[in-house]
Amino acid sequence: MRENEKLKIQKLCDIENLKVHGRTTGCISPLTLFWTGSAIELNAKGTELWIEVEVDYDVCEPWISIVINSVPVSRQMLVAGRYWICIFRGMNKDVIKNIKVVKDVQAMSEDPECLMQIHAVKFDGEFFPVEEKQYKIEFIGDSITSGEGAIGSKAEDDWIPMWFSAIDNYCNLTSEAINADYRIISQSGWGVYTSWDNNPYYNIPKYYSKVCGLLTGGENESLGAFKENDFDSWQPDVVVVNLGTNDSGAFNNPEWKDEISGKTHKQRLNEDGTYNREDLQAFEEAVYNFLVQIRKYNKKAQIIWAYGMLGIPMMPAIYRAVDIYVKATKDNKVTVFQLPNTTEETVGARNHPGLLSHKKAAIELSGYIKELLK
Amino acid sequence: MRENEKLKIQKLCDIENLKVHGRTTGCISPLTLFWTGSAIELNAKGTELWIEVEVDYDVCEPWISIVINSVPVSRQMLVAGRYWICIFRGMNKDVIKNIKVVKDVQAMSEDPECLMQIHAVKFDGEFFPVEEKQYKIEFIGDSITSGEGAIGSKAEDDWIPMWFSAIDNYCNLTSEAINADYRIISQSGWGVYTSWDNNPYYNIPKYYSKVCGLLTGGENESLGAFKENDFDSWQPDVVVVNLGTNDSGAFNNPEWKDEISGKTHKQRLNEDGTYNREDLQAFEEAVYNFLVQIRKYNKKAQIIWAYGMLGIPMMPAIYRAVDIYVKATKDNKVTVFQLPNTTEETVGARNHPGLLSHKKAAIELSGYIKELLK
Amino acid sequence: MRENEKLKIQKLCDIENLKVHGRTTGCISPLTLFWTGSAIELNAKGTELWIEVEVDYDVCEPWISIVINSVPVSRQMLVAGRYWICIFRGMNKDVIKNIKVVKDVQAMSEDPECLMQIHAVKFDGEFFPVEEKQYKIEFIGDSITSGEGAIGSKAEDDWIPMWFSAIDNYCNLTSEAINADYRIISQSGWGVYTSWDNNPYYNIPKYYSKVCGLLTGGENESLGAFKENDFDSWQPDVVVVNLGTNDSGAFNNPEWKDEISGKTHKQRLNEDGTYNREDLQAFEEAVYNFLVQIRKYNKKAQIIWAYGMLGIPMMPAIYRAVDIYVKATKDNKVTVFQLPNTTEETVGARNHPGLLSHKKAAIELSGYIKELLK
Amino acid sequence: MRENEKLKIQKLCDIENLKVHGRTTGCISPLTLFWTGSAIELNAKGTELWIEVEVDYDVCEPWISIVINSVPVSRQMLVAGRYWICIFRGMNKDVIKNIKVVKDVQAMSEDPECLMQIHAVKFDGEFFPVEEKQYKIEFIGDSITSGEGAIGSKAEDDWIPMWFSAIDNYCNLTSEAINADYRIISQSGWGVYTSWDNNPYYNIPKYYSKVCGLLTGGENESLGAFKENDFDSWQPDVVVVNLGTNDSGAFNNPEWKDEISGKTHKQRLNEDGTYNREDLQAFEEAVYNFLVQIRKYNKKAQIIWAYGMLGIPMMPAIYRAVDIYVKATKDNKVTVFQLPNTTEETVGARNHPGLLSHKKAAIELSGYIKELLK
């Protein structure tokens, strides 16, 4: 192998024109990528670029996608260790390449050792400023928003990082369609009130205000994941909330039992198969309260509750909650939007939306957002 | 990271149910993958699988795609060195996964150090036999068949391995459509008579009978690349030849000069822009002779000269040559098929066919092949 | 012209195997087709078939489409008069053809002279029974459901029957997708509470229980259009209500004034552009009351309020009204479904949904209906 | 019905801005439309327009399509008689509408009584000049070019005019894609040398130089169908010849016998299923001679032999013939282009190309023509 002797190592903190996507602690020595869709972006004029990553996990390894001039060209599993990854080599030294290295897997609330950091780059050229996109969008959701099943055969059934994608994902596709930067806050199995299996602690609102509060463990704490997020530094034009699918699942799954306290929780069905009024009410209050919370941190954003990629059983409840919220607060920038359902033709791995379903959702959602932002 | 203590290393030569795709020397200790689309395939029942690769190059690094249950889930650059790559982890130990690790870049005739080998696997389960596909196809071609530009932005102009794909490639797509295993023999810039820049030594027929004869250097020689290919071991049902695009380019490019002997070569245009009759004749003889050669080694195959993804200027000459061949030999299993042209909508990187163009070509070509094989 | 001497005239009332689509008075001597999508259907074994129509109008002429073996093959304006139309000729006498002659234009509430009747057929063969479809659907709506603009250039702006279609219409396409017979009750410009221009008398519920009560004039009265509809004879599995678009328009249009009484009506906007609460309440009550009415006549049907092909401004109000209805009545077979919005790519004539928009709506709606009918 | 008293009858010959499509005798009192795709085109500023047709036939009735502002809005059978057809009514008097009335069925060589004429229009406005399109194309072919089977169910098997279309036809679609006016010369079952059933008199070249020479009977003679065509008045930029499909069929069908002279003809297969060399030679000579003839009348046109929508068995012979022609004449503006084959997904009625097949052919052919005309 011919060595490129012009490569020079730079720490991320020394790169003036580095653009970081996704909620972070602000620390870039090193940079920790917590959420799916988190990324570094560079406009790189030079022939060869490497990044130095540090990776760990107990069970769930991170994956990355490499996007060059807006086209994904590589996607790979990151095994544990600290090592260099080549992003490109042999390119024209006089041409600026836009590159993005994107975390392709969600934050892993149940694997406290899961870690993905970027320390430095090795490069033989110069970085140029990355232009701001016209808009900013924040997506909040569950496995659908985590892109679970967006890649992989329909036959796949294992719950592993390989089937997650931040690229073949309606968040990315919607943002491209309206020329927006985006952040994703998501967790498979979680809801706005409970998780799919009735755990009342597994809901996004509980941790929304933190950098990445749904993580666990001392390591993540010391990284700053549980600190308050700095909302002022990134105010979105649109917040899309795609929650409710797991809250609906809870009604159809056994009760959750806290193994320590013995406490249980269950969203109940009536005998005729309808939702228990009281438990549904609790869900609606959770929606209401989450809207209050989102608005607190995102003063100017259009908030869209976008729901439906795996059916619409909670839609009446969502509409009720939003309706009460809008009437009570006079906040007219909160609306509900139904996403197209996933079908046999559009389903992906693990019975989740596949790429075709994400594409359809992105077409409809981006059309709606364009109308709102007019 | 939690170690998987059940992983055991096996040399490739010790795996009974290993399936190797692509022309090789027969040696699998280690296995050298020469051509794009070359691959190992395994039916693996276990939770975690790694492969050990050895990689080198002077300029052009190899890339691989990982295909699980027929869906590509990873694609990555292989930097120089000998190291382990994780193919999957955390999967259900009781389910058989079909996995393919595919070389995603062509043999590199101008980089004698370019090397990709697989030494061993590390696995915690059992391998099962891989079923034979219904048909076998061999594809012979140039950059189009190498999938150059099938991935990457339309803006890309560097000649680097990153823009090559064996997956988003009409060869792979055609083979999937008719349930065939396939091999690819291809080289960017080469023709059936000369290369795009009039080099009369850069043509596929000259090296067709060897394992991978267009490579250079002592290293490749010692690997066995220049040995006669064992045609008996893999007799295709169909041979697709997609050559002529660079032969046409030669007429429009400057003469080639051998820097040592001073000898030159040039396919000439007439003053009115048409092809010089004599030079075109040489091309047609090359087509004729190549058909003779292909038939010599592939006794039963349908031979299809498939041409047109970047225009059809050589089509009359190809038809003439095939016509003369068929009349002279009474060999009725040789035909010509026009592939759909690449358009502004379907072009990819480096002004080459993009994925959409490869898809269109595969639809038409597989339809034609199905008719022939009826 | 060679006369077919085997043709025999039969009155409709003498055809045992005649199938009539759409609400009628029961009279078939002659048969009056009132609504768009109304039709006669025949399984005809013979070579040549004609129908005798009687047509009149002051302004708005009827159109028909002819559908043979499920494929539309002819579409034509019907000018005034009583005359014969050839449906097919020269066909194989031994083969049964399924034929449908479909009224392609809505009932015309403002043209009391508009009339389309079928008196008789002229045929040289035998009619066979027409199979029942698996399901029955009733569609209730406005111009969207009338297929206004589903045919014709985007440049068209005249309000004329030519741009209406019962074929390139989400009602027809949805019904095909789920194998259903269907009826359409629709009127351009009308709403569930008022018309687009605030006329409180132009709403569908007012006339829903009649055969075709929104028509006017003595002629229609004597034809029986204002009689009670015989709901028992055709009980749908699904009622789709696509109303609200004109009710929304009313808020943005000038007040309506009854030229005789001087009475006016106006759905008001607040100063901040939101809907006046009281007027919106009136709309919601109209939705509620219409649901009560629909349920009265359609005891077993799933009722779907399907809305959104031209935006979703009334969706919160619709959800509120449906919610109150469901709670008050315990009627769980009433749901709301959002249809995909029309875009620049899918728009048709007169700024209305084009064929592509109707196709998208049909895909989503039929998917939803299939789930409901499981 | 309210009479429009402003309608005035004008003979075609009195309309200054009339545009006639298709080969005619020059006579427009009345205008006879012979070929499929023949049409009148008008830019009409007025509210209501009728045309007076005269129609006759023994067996095969004509059909028309009405195209308004480039969108087909009506298609209807024309029964025998002389009568008025309403093209539009109720339109804005101040807007110019572009309208085309297109003959949707081929010339009927076996029905000498088949006649379609336009005598006059009835209109309440003014006609404006129709712009010339950028290019002119002539299409020469068989049933494929006649659009046989482009409309109708796959189940249809009767040979009747209903299944013919000049609209859902690659000729129309190709011409739209390159902004061209077009003419069609076509006849189902015919070839360049013989018909599908070996009749050596049923070939297009025999009648190419006449207005519509393949018609028969004294009526057509007196109309001028057998007169020399005035080629100077309409010189195409491109001539597309799509012949060969029936010539190929002849090899696989029984001999033709002249019932009067007893003379027979048969294109023979060899015992091994290949084409008899001598008979194939006759076909190739017919191709050669037809090219000579086409060039004689179309001095400047690119001539494209476009073939393949129902397979490519004659392609080698076509290439040979064109090759010999080009070499002999130095005429470099003659090329061969392969059209995409029809598949199960794209087939229409009567096992002929359906609309999807015509669309695919038009995309490929128009792309090729654009390259040629650059």
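Every chain is named by a letter (A, B, C and D) in the order it is written, and numbering of its residues begins at 1.
Criterion: contacts are C-beta pairs under 8 Å (C-beta built on N, C-alpha and C of every residue); 3 or more make two chains touch, one makes a residue touch a chain.
Chain-to-protein mapping (UniProt): A, B, C, D = Cellulase/esterase CelE.
This one's a predicted model, so the numbers in the text were calculated from it and none came from an experiment.
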{"item": "If a chain touches chain A and chain B alike, it appears here", "value": "none"}
{"item": "Most distant chain from chain A by Cα centroid", "value": "D"}
{"item": "Inter-chain centre distance, chain A versus chain C - centres from mean C-alpha coordinates, in Å", "value": "44"}
{"item": "Centre-of-Cα separation between chain C and chain B, whole angstrom", "value": "58"}
{"item": "Contact graph of the chains (line, ring, star, complete, other)", "value": "ring"}
{"item": "Inter-chain touch pairs (all)", "value": "A-B, A-C, B-D, C-D"}
{"item": "Chain A to chain B touching residues, read off their complex", "value": "1-2, 56-61, 63, 68-71, 73-77, 79-80, 86, 88-92, 95, 113, 151-153, 155-158, 160-163"}
{"item": "Partner chain D, residues of chain B touching it in the complex", "value": "272, 274, 308, 311-312, 315-316, 319-320, 322-323, 326, 332, 335-338, 340-341, 343, 364, 367-368, 371"}
